[in-house]
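Chain IDs A, B, C, D and E follow the sequence of writing; residue 1 opens each chain.
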Amino acid sequence: MKRIGIADTTFARFDMASAATNELQSLSTGFRIIHYTVPGIKDLPVACKKLFEEQSCDIVMALGMPGPKPIDKQCAHEASTGIISTQLQCNKHIIEVFVHMDEAQTSKELAFLANQRTREHARNVIDLLFHPENLTKHAGQGLRQGFEDAGPVQ
Amino acid sequence: MKRIGIADTTFARFDMASAATNELQSLSTGFRIIHYTVPGIKDLPVACKKLFEEQSCDIVMALGMPGPKPIDKQCAHEASTGIISTQLQCNKHIIEVFVHMDEAQTSKELAFLANQRTREHARNVIDLLFHPENLTKHAGQGLRQGFEDAGPVQ
Amino acid sequence: MKRIGIADTTFARFDMASAATNELQSLSTGFRIIHYTVPGIKDLPVACKKLFEEQSCDIVMALGMPGPKPIDKQCAHEASTGIISTQLQCNKHIIEVFVHMDEAQTSKELAFLANQRTREHARNVIDLLFHPENLTKHAGQGLRQGFEDAGPVQ
Amino acid sequence: MKRIGIADTTFARFDMASAATNELQSLSTGFRIIHYTVPGIKDLPVACKKLFEEQSCDIVMALGMPGPKPIDKQCAHEASTGIISTQLQCNKHIIEVFVHMDEAQTSKELAFLANQRTREHARNVIDLLFHPENLTKHAGQGLRQGFEDAGPVQ
Amino acid sequence: MKRIGIADTTFARFDMASAATNELQSLSTGFRIIHYTVPGIKDLPVACKKLFEEQSCDIVMALGMPGPKPIDKQCAHEASTGIISTQLQCNKHIIEVFVHMDEAQTSKELAFLANQRTREHARNVIDLLFHPENLTKHAGQGLRQGFEDAGPVQ
């Protein structure tokens, strides 16, 4: 039985964890989800580490929604750096799903994007865990999560 | 008996540690507070590490007030990066409460913001330590500390 | 029998792994290629680490195509930082081949550049693995990958 | 007998180590100073580590004077990041005293600032080592080193 | 017999390793030089680590010539960060000699600067290895490598 961790925040303005859980369960079986919520994105790296080391997760989704200001961009950078360090310390993947608030023009668009990107990355999680060959098939194909795929160039 | 570390600075222009202590004690019991003051925010990472390793703290609040100049922003970035590294090395949470001096227009507003944000993060500390399910309940709800909550988007 | 890892992404818009494989095989024999695909460049550091530690690779090519926006540049920076950390943890080379989408004016140019840079770096991989003296011969010669060599100054 | 390390550079335009030594000796006794000079600020992190691990220092002052150009700012950032990493690896404080050349308008002002900031940080070193309660007393009081104290806000 | 590592790149447009070797040999004896060439500056951190751990070097010179574009500046930053990490992991000095292409106006000036800076840093290497007291004598004297010394301020 595989264990998938979901780390999310109270700062985000959309319940990305529910979207992730719903999508993961619609895509596959044979795993258990462990959900862990922290205040903000800078709390995510150690949350992911705890999911690996204290909850024996095999892979983790790190869900966050950085704000639009320069300080928010800096926080996102710090969080991402810590998330990469965590992966290297644990030798396991963390799929970071960050939706920057200034990627969308309206609240509705933001909710749509957060839902869509989370769900498309849930598929990446299932593939990394159970079907890595699916990713290899799409290598260099210009896939995107949340927006339309860019597609390959010739 | 849990141990909560509070690391703060002589550089900050507001006594955030007293606000934190007061709020923590009003919220819960069953813990002891260990207070450690250093000169500036770049001294906070190792101060937190010492609170974990030499004082057996279970969680730490890192309180700081970065100045408004570009060099201050860079210092805050370095401090935050070190605070994340410390968490990963110790597998414990550090709740970073930074109030940037240019977030407020007046001294009074700065004091208000520092007090408010510290107190709201004190609640996060209590929740992480004793009631993690409270954070899960608010996942994706657009909570803010010091300013009004942003709320969720649909 | 040496083992060369190739880590690439589904985000990239060109199949750099095929170019790498084709070039490596045209240049030398006596090695096996292990191909591992992840969603994006920020997933590359741990992918490389897994290629070293779980697949016993002697060297890895990390192939990616960062987008043109500021956030993409930041992602590339985070990925590169993680790729350097991975090398230091494993004491082995990772040849990072990143083609920034704004390096090219047209899709055709982008494909050309991605193909060319990957192939020229494949030669570096073979040299590092089998003929390090070839690199020493070209020290300070202003070599470039994908664009024309800059050449030495006098 | 405590051991205080002083790491400085040949790049700096003021003999901050002499100011530090003079001030430390005027403030307290019961310690020995170990002085180690390197070319530039990017050499300071490993110099500090050597002072801890090869010279058994209990605390280190890292004295540097970054230049005014963007590349100098980047070097200072890299040095500071390394100085924080060193502290975390050794569980000991490094008091970083950096005087940026563009903080002063004239050479005389630069010398004054370098002297003053170094001396005021020497006091922090003595306090951290012998009288940590002195720092706690000044928590949140808006202290500054080299410039006038900002003072607390209400 | 001390061992001095020289790590350089095929990207650089000047043979800095020959300048370093020539200068080192003119300044002192009693050491052996180990030369290792990699493609670009981001390959230097692990190259230095290999020189320490696989070639038993006592000190390393890391020679590189970052290009003039923003992406080149970012690469230099990543390389420098990795070079500092390597020093901390090995407890040994790496003297980084980077000549940014936009520091010079003409090719001739670039060659002059690369030669001069490398040679002046070779002296720092000899001093760190054999005569650390020479550096202490020049602490705070405003020394520069490649350009005229800035000198001390009063």
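By our rule, contacts are C-beta pairs under 8 Å (C-beta built on N, C-alpha and C of every residue); 3 or more make two chains touch, one makes a residue touch a chain.
The shown structure was predicted, so the numbers you read here are calculated from the model rather than taken from an experiment.
Touching chain B and chain C at once are the following chains: A. Separation between the centroids of chain D and chain E, computed from CA atoms only, is 25 Å. Taking each chain's centre as the average of its CA atoms, chain A and chain E sit 41 Å apart. Among all residues of chain E, those that touch two or more other chains are 77, 81, 85.
Read round the ring from chain B, going to chain D first, the chain order is B, D, E, C, A.
The residues of chain E lying in touch with chain C in their complex are 8-18, 35-39, 42-43, 45-46, 49-50, 53-54, 71, 74-75, 77-79, 81-82, 85-86, 89, 107-108, 110-111, 114. Those residues of chain C that touch chain E in the shared complex are 73, 76-77, 80-81, 83-85, 87-88, 91-96, 100, 121, 124, 128, 132, 135-136, 138-145, 150-154.
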